[in-house]
């Protein structure tokens, strides 16, 4: 299980459903390897107090993740992240796809040529701190 | 029952400092007053003895002894003043015992009304507490008289002393109204007093439920009852009525019992459905 | 479930509540939102039987109001309801004396969570500390519903954050919480359902997550729509 310090203090935006933002956080943690396949997830109660959300919302987020086959619950044992490699792989591409889509959406308005963008991205992406910042800011807001 | 006793305890606890203050003040003034009164009286007598060249025995023979009650003649207010203050204090607290819960900085009335028990218990426990205060002061007054008798015995020369029982002393001191020595007097005075308190309690709740209109109705009713009883009393004294005094007394008692029942019932209903915090 | 249906109240020749109806379900956090004077506190007091209403009905778990109801519902008013001369310790004692559903263990946990001193006098508490102690008195009862009147009003940021954390804990799990507020900010992402009031009427009543997913609106967005016009 991820240590307590690894759980980001969630800065939720107020226009997207909180439970979906929680699901997204999980996906990001899986995509970046902070959560691995087969790892047990915190109980609903623990999750609520760690992420400072209403226990109902935690419940709803887990329900959603179960529906998406992200987490698996068997009998009475605690839920864990799926080991299904297919699902895990999809998460990464899904997140990347979403992020790029949002990026493209906002950049399209500037009508910049693709070559210039690629060049800029290459340059910016090389700087590690900027990359981390972008990643963090994008955690909540980039979905819609 | 347990909740009721706890509530009574709470009410007594909240008034304890004032009650102890009243008790201390009463004891101090009445005991010091007696000390001063005896000193004055003895000084006056000694003066008279030297002036007229009498011995104590001769004086006693001529004027008889001086009973405890008589010593007070010059300093009567030292005896009555604390009693008036106590009556005033308790009288005021009939209102404060309710209103302090509403108008205190903390709205304690919220807490009280939300207790998971019948709200009528609040009424009964406040009443019990108030009567406890009255009887504590009553008992204290008897105790003080007993102490005063000891002081009298120690201080007064044998020749002037008139030995009396506690009851006779109380009678001789004009305290009979506050310390009725006969059982039926006691029951009457405190019985009527309690009903009066119940009427005021319910008046307060009327005010809390219907504000000014409720207050007016309650006060009018209470005043009317008092006047009716006073009228019956006067009739009995004069003996001019259609009824014999004993019948008038019975009627007055019946009236007060009816009022007690009405106050309790109405108070209960108001607390349950109408009172606003 | 707390069911308020069509309650009405006049006070000092003004209509304070004009037929208020809503439901607060067990296991959910419902928020009554409205500007000052919208009737929020009056509704909570009516539910608690602290003020009589002129019409309509209130049911808690299907039951009408009675002293037994206070076994299942607790109220945290907008001020402390214990005499200021008491120490916190005495206040806790009073609660355990009179409330059969008082849970001393929970009280203990909350006292240390809020870092409250038992020896302090209630009358001397700062606003934030008083609000915390007030919350202890309500939350440490083993009841199905907790009503709170403006628990965040007029207190400092850190106290507000600390108090908001209570809503993420097991203390609210399986309970129905009904909370009034005029500034939703502190608890925006904690609330399940929002009931918006204006001049004694319910003007909006919605599930917050549905509002976000169906319309992409935050609670504050809806408030702007509703109260700005």
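Per-chain numbering from 1; labels A, B and C assigned in written order.
The rule is short, and it goes like this: a residue touches a chain if its C-beta (ideal position, glycine included) is under 8 Å from a C-beta of that chain, and two chains touch if they have at least 3 such contacts.
Predicted model, so just to flag it, every value in this text is computed and none were measured.
Taking the mean of all protein Cα atoms as the centre, the chain whose own Cα mean lies nearest is C. The most distant chain from subunit A is B, comparing centres defined as mean Cα coordinates. Averaged C-alpha coordinates put the centre of subunit B at 45 Å from the centre of subunit C. A separation of 77 Å divides the Cα centre of subunit A from that of subunit B. In whole angstrom, the spacing between the mean C-alpha positions of subunit A and subunit C is 34. Annotation for subunit C: no residues touch 2 or more other chains. Put simply, subunit A touches subunit C in their complex at residues 12, 14-20, 45, 48-49, 51-57, 60, 144.
Residues 27-29, 164-165, 167-170, 172-173, 188-192, 209, 212-213, 216-221 of subunit C are the ones touching subunit A in the complex. Note for the complex: subunit C touches subunit B at residues 45, 48-52, 67-68, 70-71, 75, 77, 79-84, 94, 97-101, 122-123. The part of subunit B that touches subunit C in the complex is made up of residues 3, 6, 10, 14, 104-111, 113-119, 209, 273-277.
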